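Worksheet: the structure to be examined is printed underneath.
Note that the chains take the letters A, B, C and D in the order they are written out, and that residue 1 is the start of every chain.
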Amino acid sequence: MTEQQAGLADDILENGVAMTVPPGFSIDRRERHTDEYFLNMGPQHPSTHGVLRLMLRMDGENVLEVVPHLGYIHRGLEKIGENQTYLQNIHLTDRLDYLSSHMNNLALCLAIEKAMGIGVPERAEYIRVMVCELQRIQSHLLWWGVLGMDLGAITSFLYGFKEREMITDIFEEMCGARLTMNFFRPGGSFADVPDTFIPRVRAVIEKMKTAIDEYDTLLTNNVIMHLRTKGIGVLPAKTALAHGCSGPVLRGSGVALDVRRSDPYSIYHRFSFDIPVGTVGDCFDRYKVRMEEMRQSLRILEAAAASFPGGPYRSKKYASYNLPAGSYYSQVETARGLLGVYIEADGGPKPHRIKYRSPSFANLSALNDLAVGHKLADLVPIIATLDVLIPDIDR
Amino acid sequence: MKTNAKNTQGRVRPVERGEFVPDGQAHWSLAGYLTHLANGCLSLVKGMGLTFGYFVHPGRIVTQQYPENRETLAMFPRFRGRLALVTDAASGAPLCTACGMCEKACPNGTISILARRDPANRKVLGRYLYRFSQCTLCNLCVESCAFGAIRMAQDFELAAYDRSDLQLVLYGKED
Amino acid sequence: MGMRHIGYATRTIPKFLDPLPGGAKLVDAIEFVVAWARANSLWPLIYGTACCAMEMMSTGSSRHDWARFGVEVARATPRQADLIVLAGTIVEKMGSRLVTLYEQMPGPKYVIAMGSCAISGGPFYYDSYSVIKGGDRLIPVDVYIPGCPPRPEALLYGIMQLQEKIRTEGRRNPWKIGTLNQAPFGDPLAEAKKMWADLEKSRPAAPPAAADAAGGNGAIDRPKPKRPATEQFAEVARSPLPAPLLDNGTIYAYIIENFPEITLTRQSEQTVEQVRALGQEYLLDLTVPLRRYVELVGFLKDSELLDMNFLLHVTAVDRPDRFEVLAHLFSANQGHNILIRCALDRQQPEIPSLSPLFAGAIWHEREVFDLFGIRFSNHPDLRRLFLEDNFPGHPLRKDFDDPSRVVRRPY
Amino acid sequence: MIDTSRFPATNAIGDFIRATLPGPAAELTNIVLAVLAILTVVGLTPVALIWMERKVAAHFQARLGPMRVGYHGLLQPLADGIKLIFKEVMKPEGADTFVFFLAPILSATASFMVLTVIPFDHHLQVTDLAGGVLYVIAVAGLGIMGVLLAGWSSNNKYSLLGAMRSGAQMISYEISLALLMLLIVLLSGTASLREIVFSQAGTVLDWWIFKFPLFGLVAFVLFLISSTAELNRAPFDMAEAESELTGGFTTEYSGISFAMFFLAEFVNMFMAASLTTTFFLGGFLAPQFGLAPLDRVLDAIPGFLWFFLKSYSVIFIYMWFRWTFPRPRVDQLMNLEWKVLVPANFFLLLVAGLFVAMGLV
């Protein structure tokens, strides 16, 4: 909205009509006699979930082409990371995908543990799994609420946040922060969970069981919701894989890739959970996959809470974590998909190069394939069900 | 799909898509049309029932009235509100030895430990500067302190009109 | 921000009423009512860039409910907003848009800087080449709320502080808009050290008693430093994870059968046994000559056995004498991954694009082009991805330095 | 026919003025008083409705809503209003100044003109036109002009898209709204709003919602849906659709000119609710249940209180819609109108014709 003229500064004029096309589009110059126009959406726009900017080539309400513009929150995390110790880098990962901050912390910790051969006690592994699954639910709740709000059902936003606050309380009591946790350390976490942890988790499980049914009544089974999402933004499995999409986006297209299953980490291999997949690959499938994932996370939580062990919450602390020279990679399944941390270590306390392979980055790159041929209004459920987080993309 | 041999718990399950809005172009029939219409209307009525349930049950309201509940509002003991120095219970002097570990541990250059020599020529804390405006409350400083001399305080009402008010002098404030 | 921004009615009413007897009192009364209205009807702009926006949303949620303050009428268009909460980091590219948004808001308008990033750049103050070091370098900020992110209650407290400020606004207490921070940014850590050293130098050598009185840090009653007992943790052995279907040795053997010129990165021995000995947690890191790079990736993708159908990322590493482009492949079905490394000349770095094989490579390669300046031949759309087109240099190169943007961390 | 002598068309104030002042002066005074009364309604309705909307929304969403400005936030709309009046008014570069500032006035005027024919009570109606229904249809249509002009003159693509959507939507839904009004005209045999109210005299079962068995209920629901769409209200708020078009046709409006749209929106909602009340819920008539003692008590309550009670209940339903449903897409909205509502309305009209011909109602 703020820059309709963007990219059109050096207009080539032909009889007073601007013929230049903003960068990134597949056409070279405007057709003189069509009704096409360019619409700028973002970076400040309510449905772009932050500061994504889209340039749209439109014909009336129909979207002909979408060109996303990134970098409106590119903070240079990888450069900063090169100048910070591995421990300090953990706190930077909070700020990648802040709705999966525990999982981000975990991804980096896993890489450090792999490099230094640090083992993790049983209790710490349980804490990791439970905390990550809680966060998956928390993130999906926010996604659900915001999806509803984008579709005009503002009430869903508030219902989603209602239950989300319960999980936020668990985190806050556990590590003192609500969003940027910085909780995990190589070998465990910086503190043990409080005694109230398991009772609180049980309360969340109980509450969520009825709450998800409420969500179904309000949105999932609502006919308008079906009209808005069915057949919209179909992403074929082949395209999804070519773009490197992951997480619920890929699973919505019918590919059962879940890092927790295909490349297990922590102790996920001990828990039984289903992988929901879509059959069509449209917005509705992606929606249903996430709703089902919440139920599966509850299942994992229930099993973990039942067998939560005692013992130490962390293994030996080191004065400094100097990774031996080499390349290390670890990946986890965050709420948005496959997060990979690649470290190139030179033996010192700081990485030579640290690279985050963020799920939203790849998921968003498929946007043009999803949106073409739909209406402007369909962009809203498409972006919402991609569930992209711009700071995760821009890093 | 091939899976790991040891990892066969759970299964891959297609999600249900519901019936009342048919996928693709359904064959048109009046009965089918009316059924979909009726089911659709029913789904709307159910949604209205849910919200109405909340409307008529004031007990379900979860709002905490913040400025009014100041007396009862307590943060969790681990809540990271801001950095604070721990002082010796007897003398009131800070436990800090000006070793500078927290300064090094801080990822953001938030802490400045300004040491001085005491008359016995030992290094002691002269001033403890805490740039709250830059702090991410990551707890790394507290973890790094070997003397338990700093902690996270539970304050949260810290808004200021001026940027410079956020540079706190935790110790050694003069002038 | 001059008179123009305070609105026509606000400007005109005093002009007519002030000359009348008792008119000044009336103006004061009107001012009181208007200030009351403004304080209690702060419509925020929907603006949020990062983490703090989530806490802003939490503040709007049922639990904290900023509607109690009348703030819930969040507007998507700046024309109807009164308040802009700078929730999240502001980077250079967003900076100009933020100024536009601010200018599009009708006066009187208020700004709250929420969280460390918006106040000072926070965790991105040092070493970042793109973060604006504080929102108040762009637009005047009225209230600063520290925290990372601040709790919803902290935001509500900040809003209350702003209301207080608006309520006291009037002719007797003219509105003080926040100042723009135009001080050049430096390294506060080093500056504090220097200032302290100067202070110490100028301080007269005080007798012990006086030193005690001044700082309370004399030797006499100072507690002896005690190390409190901390929990000790035992070392724990790593527990094995389920092995993938293919082990690294098999993969390596299969690849060198077809590509004999491939070498293991950073390993003295190059045998299959060596790879097996490194264990399952070793990341198979292969160096390939430039001429067979695309061919190898295509081979891995199409191979029936390896089935590497998923491109994790393409990135680069800056070495003193060369660039290395890394392509990281993953098998979505079988769970193994391989890193392929290809050395490039530092002067004219250019490498063929993987975009014909993986559509996802387009953006990854644009990122590498943007941050490293490595060109990808036959790339369909090689433009910068994150930074403005006129950004000088490529920041992820080790030799990148731009004192006008970057403050180097002193330790 | 019912005995209309129970319901005199004049009220005590008007009669008093007519008795004291000479002819033309009395008429003039009465007109001025009537206009002032309507203006008061127009002025106070949005204040009440904004507060109600925010509180109702909050309670649907398990929260409290405005609490801190006055008792339970009662003064919140006042604060908003004063703030908007004292805010800077901006006009975007390239906007058509005259049209840009005309549009909100047009919008506000249209909604306020309809109120002149609404019978708030049997003696509280500015004028009772014989073709009151036609007047309502004609004048309500003017509101679209404001929206279209606002979108066109703003020099903003989002505004234009919003205005175009809104235009298409309002023109389409006007058809089903008009058909439903026609249905009531057909059933009651009159186009005067006052007469329509009288045609529902009797017990509750004589209101058109019930008197026209089952179909009346259907017609009532259809009227609610169509009027929601006509009001551009969520879930049919395509024109503003915040998540798609930021602010729709109001994107570029600020300060007082935005307040006019805001005001028009709420007055429109009240207008639609009063039409629903008049057509289906017996207007100002007190509900009668055929139980003499209870009926006498209910009847003793003044008619305009009943009218406002019924209207606000209808408004509550509008709010209920808004805070429950997601928003359909603009083409689906058109589908709903042309493929569902219009055929259904014609069907209803047909049935009503049969009922009338056979003397069943």
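The rule is short, and it goes like this: a residue touches a chain if its C-beta (ideal position, glycine included) is under 8 Å from a C-beta of that chain, and two chains touch if they have at least 3 such contacts.
These figures come from a predicted structure and were not determined experimentally.
S.K.: Tell me, please, which two chains come out on top when C-beta pairs in contact are counted per chain pair.
M.R.: A-C
S.K.: Hey, how far is the Cα centre of subunit A from the one of subunit D, in Å?
M.R.: Measuring from centre to centre gives 44 Å for this pair.
S.K.: For subunit A versus subunit C, what separation do you get between their C-alpha means, in angstrom?
M.R.: It comes to 17 Å between the two C-alpha centres.
S.K.: Which residues belonging to subunit B are in contact with no fewer than two other chains?
M.R.: Answer for subunit B, listing residues that touch two or more other chains: 1, 4, 6-7, 44, 47, 50-51, 61-63, 65, 107, 136-138.
S.K.: Which residues belonging to subunit A are in contact with no fewer than two other chains?
M.R.: Subunit A, residues with two or more chain partners: 1, 45-46, 84, 91-92, 94, 155, 158-159, 162, 165, 180, 218-219, 222, 224, 227, 262, 264, 269.
S.K.: Of all the residues in subunit C, which ones touch at least 2 other chains?
M.R.: 61-63, 65, 68, 76-77, 104, 123, 126, 148, 151, 242, 244, 333-335, 409
S.K.: Considering only which chains touch which, label the overall pattern as line, ring, star, complete or other.
M.R.: complete
S.K.: Which of the residues in subunit D end up touching subunit C in this complex?
M.R.: 54, 58, 61-69, 73, 75-76, 78-90, 242-243, 246-247, 250-255, 258
S.K.: In the complex, go through subunit B and note every residue touching subunit C.
M.R.: Touch residues, subunit B against subunit C: 1-2, 4-7, 61-67, 73, 81-82, 88, 90-93, 95, 97, 103-104, 107-109, 112, 114, 116, 118-120, 122, 124-127, 129, 131-138, 146-148, 156-163, 165-166, 172, 174.
S.K.: Tell me, which parts of subunit D touch subunit A in their complex?
M.R.: 57, 60-63, 156-158, 161, 165, 234-235, 237-238, 241-244, 246, 251, 323-332
S.K.: Any idea which subunit C residues touch subunit A in the complex?
M.R.: Within the complex, subunit C touches subunit A at residues 45-51, 53-55, 57-58, 61-63, 76-78, 88-89, 91, 93-94, 97, 100-101, 104, 123-124, 126-131, 148-149, 151, 233-239, 241-242, 244, 265-266, 281, 283, 285, 309-313, 315, 317-318, 326, 328, 330, 332-337, 339, 358-360, 362-364, 371, 381, 383-388, 395-396, 408-409.
S.K.: Considering the complex alone, what residue numbers of subunit C touch subunit D?
M.R.: Residues of subunit C touching subunit D: 4-10, 33-34, 36-38, 40-41, 61-63, 65, 67-70, 72-73, 75-77, 79-80, 82, 104, 106-108.
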